[in-house]
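Working notes, structure below.
Residue numbering begins at 1 within each chain, and the chains themselves are lettered A, B and C in the order written.
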Amino acid sequence: MKFTHTATVAAPRDKVWARIMDIPSAARCVPGVASVRASGKDKYQGTLAVQIGPVRLVLDGDFVMTARDEQAGTASLKADAKDSRVGGAIRATMDLALAEKEGQTEVKIATDLAVMGRLGEFGQAVIKRKADQLMGDFAECLARQVMTAR
Amino acid sequence: MTFDYHEPRSLAEALALLDRYGDDAHLMAGGTATVLLMRQGLLRPGHVIGLRAIDDLRGITPTRDGGLRIGATATLRAVERSPEARMYSPALTDAFASVATVRIRNQAMVGGNLAHADPAQDPPPMLAALNATVSIRSSRGERSLPIDELAVDHFTTSLAHDEIITGVVLPPIEPGSRETYLKFLPKTADDYATVSVAATLRFAPDGTIAETRIVLGAVGPTPIRARRVEDALRGQPPSRVRDALELVRDEVDPIDDLRGSAAYKREMARVWTGRALARVTR
Amino acid sequence: MSTHRLSFTLNGTKHELEVAADRLLIEVIRDDCGATGTKLGCAVGVCGACSVLVDGELLSACLLPAVFADGRRITTVEGLAKNDLTPLQDAFIREGGFQCGICTPGQLIAATALLSEQPRPDHEAIRTWMMGNLCRCTGYYGIERAIQKASGVGGQSPPNRL
């Protein structure tokens, strides 16, 4: 499932870029993220706790920065996470694009999410909605973080 | 699945268990949703609190003012077949009769149905169109909630974890009101709706629409109250229905799934709202 | 995991068991009581193969916690006939109401419940009630004819909707 989120930050592009590239810090903008740490070059490990109705998930995963181009303002990430108790996994690729417009920066995040195993059975629509919400919150929080980190 | 099953005989006992086990407890009424979620491994409570043995949660009884009270552990089939419910409104019993199959309706209970908050269910839109309030108890006290405020998202209610739905109360229906429930089932007869519409309407003596409530199911993360359509019809003659229907498209927020594409559901929401309004304006 | 003492009758015979909280009725009926006539099909309450009567009510044994059986009277397909087949079972044979037989116990239980509640159901009533019992073999007409015959309404072919 695919979705895109856009957030506008009232800051120049290089500031926004620097903020995003501090991955452990930026990751905490996703509600439910705990303990993100670097596990190698451009590699991170983390845990995401998310609740969908009565179902509580704890997703343990890795994510890797697969591409980065500061000049162009683009980056790509790949995440793999699983909830071993429930027996399901997610795989996501995220493409980031930063575009400067009159001193402001538009942050666009395109996500492609695949849900496997038992999690997928729960209902793609429900999961999509939740993921959509999380990415929306992430984009907004990122915008706020950049504003306050002056 | 590994859990302790408790079957308290009183509401006080149930609330005490709920407080004691907190997040590790899950309430079970009929069990249709709970058993499925547990079997899929999506729900893993340490304690399941069964509500079937609690007398205070039972019954379908007319209230003194001409309304109706439905206990949380009334089965969907009990409501379907209740002469009191039918006398209150045949649309109410129709909506309950639309759910799945006889087997499911014999097991599933009203409180569980509301707490499960699947946006495609049949009872919630009808109860909302009938202006129901939900009675809720916790060890902190009692409260009543307009049913519009119960479901807040897919499978998510505004209930706190220590709260139990004890029943639903339906207000008396004004004389001359009409009610209907329509369920669009393009696939199988036992399915959830692709779109459903619950509508109530009452004419004023001058032939204009005095009051109307229109609630759509299966086209959003919760039942959707078509307020703009209602506002466009209030005080108007029924000839205005056609124009008001154009507003339905923007009221709904359907998703693509096995029961239809979002675009199809959006269009069908308009079509079936039209049919429901045709029924209640006859 | 808690365990619970259950006391229920199955087809007239009393059973006393201790079961774990997570057991389902279909498992207890088939594995503990040995009544394997009731079939597990979809395991999600949709197909109707596991249909049973609990105090005369039609239910899915695959969705019922076993603890719900305590104090109840359960009827499965094995409990329908006394010595001779019931008129319904006889009608199923005569009218081609089954082929492979896997859905048949559920069909019989569901139809029994229907005829208890509505002794002379019309086409609509039969179809509405029985729509929750899926059959991959017969195309349903034989089942419907059998129910009509058993109810004494007659054995004509139901209207062809196609």
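Note that a contact is a pair of C-beta atoms (placed from the backbone, for glycine too) under 8 Å apart; a residue touches a chain by one contact, two chains touch by 3 or more.
Source: prediction; values computed, not measured.
Visitor: Which chain pair shares more contacting C-beta pairs: B-C, or A-B?
Guide: Ranking B-C and A-B by C-beta contacts puts B-C first.
Visitor: Using mean Cα positions, find the chain sitting nearest the overall protein centre.
Guide: The most central chain, going by mean C-alpha position, is B.
Visitor: Where the CA atoms of chain A average out and where those of chain C average out, how many Å apart are those spots?
Guide: That pair's centroid distance is 50 Å.
Visitor: Distance from the CA centroid of chain B to that of chain C, rounded to the nearest Å?
Guide: Once rounded, the distance between the two centres reads 29 Å.
Visitor: At what distance in angstrom does the C-alpha mean of chain B lie from that of chain A?
Guide: Those two chain centres are 35 Å apart.
Visitor: Provide the list of chain C residues touching at least two other chains, using ranges where the numbers run on.
Guide: Residues: none.
Visitor: Hey, which residues of chain A end up touching chain B in the complex?
Guide: 52-55, 85-87, 118, 121-126, 128-129
Visitor: Using the touch definition up top, name the residues of chain B that touch chain C in the complex.
Guide: Going by the criterion above, the answer is residues 1-7, 28, 31-32, 35-36, 38-39, 48, 50, 52, 100-104, 106-107, 188-190.
Visitor: Help me check something: in the complex, which residues belonging to chain B touch chain A?
Guide: The touching residues are 26, 37, 40-44, 117, 153-156, 221, 255-257.
Visitor: Chain B touches which residues of chain C in the complex?
Guide: Touch residues, chain C against chain B: 1-2, 4, 21-22, 24, 43-46, 48, 51, 57-60, 63-65, 67-68, 110, 113, 128-129, 131-132.
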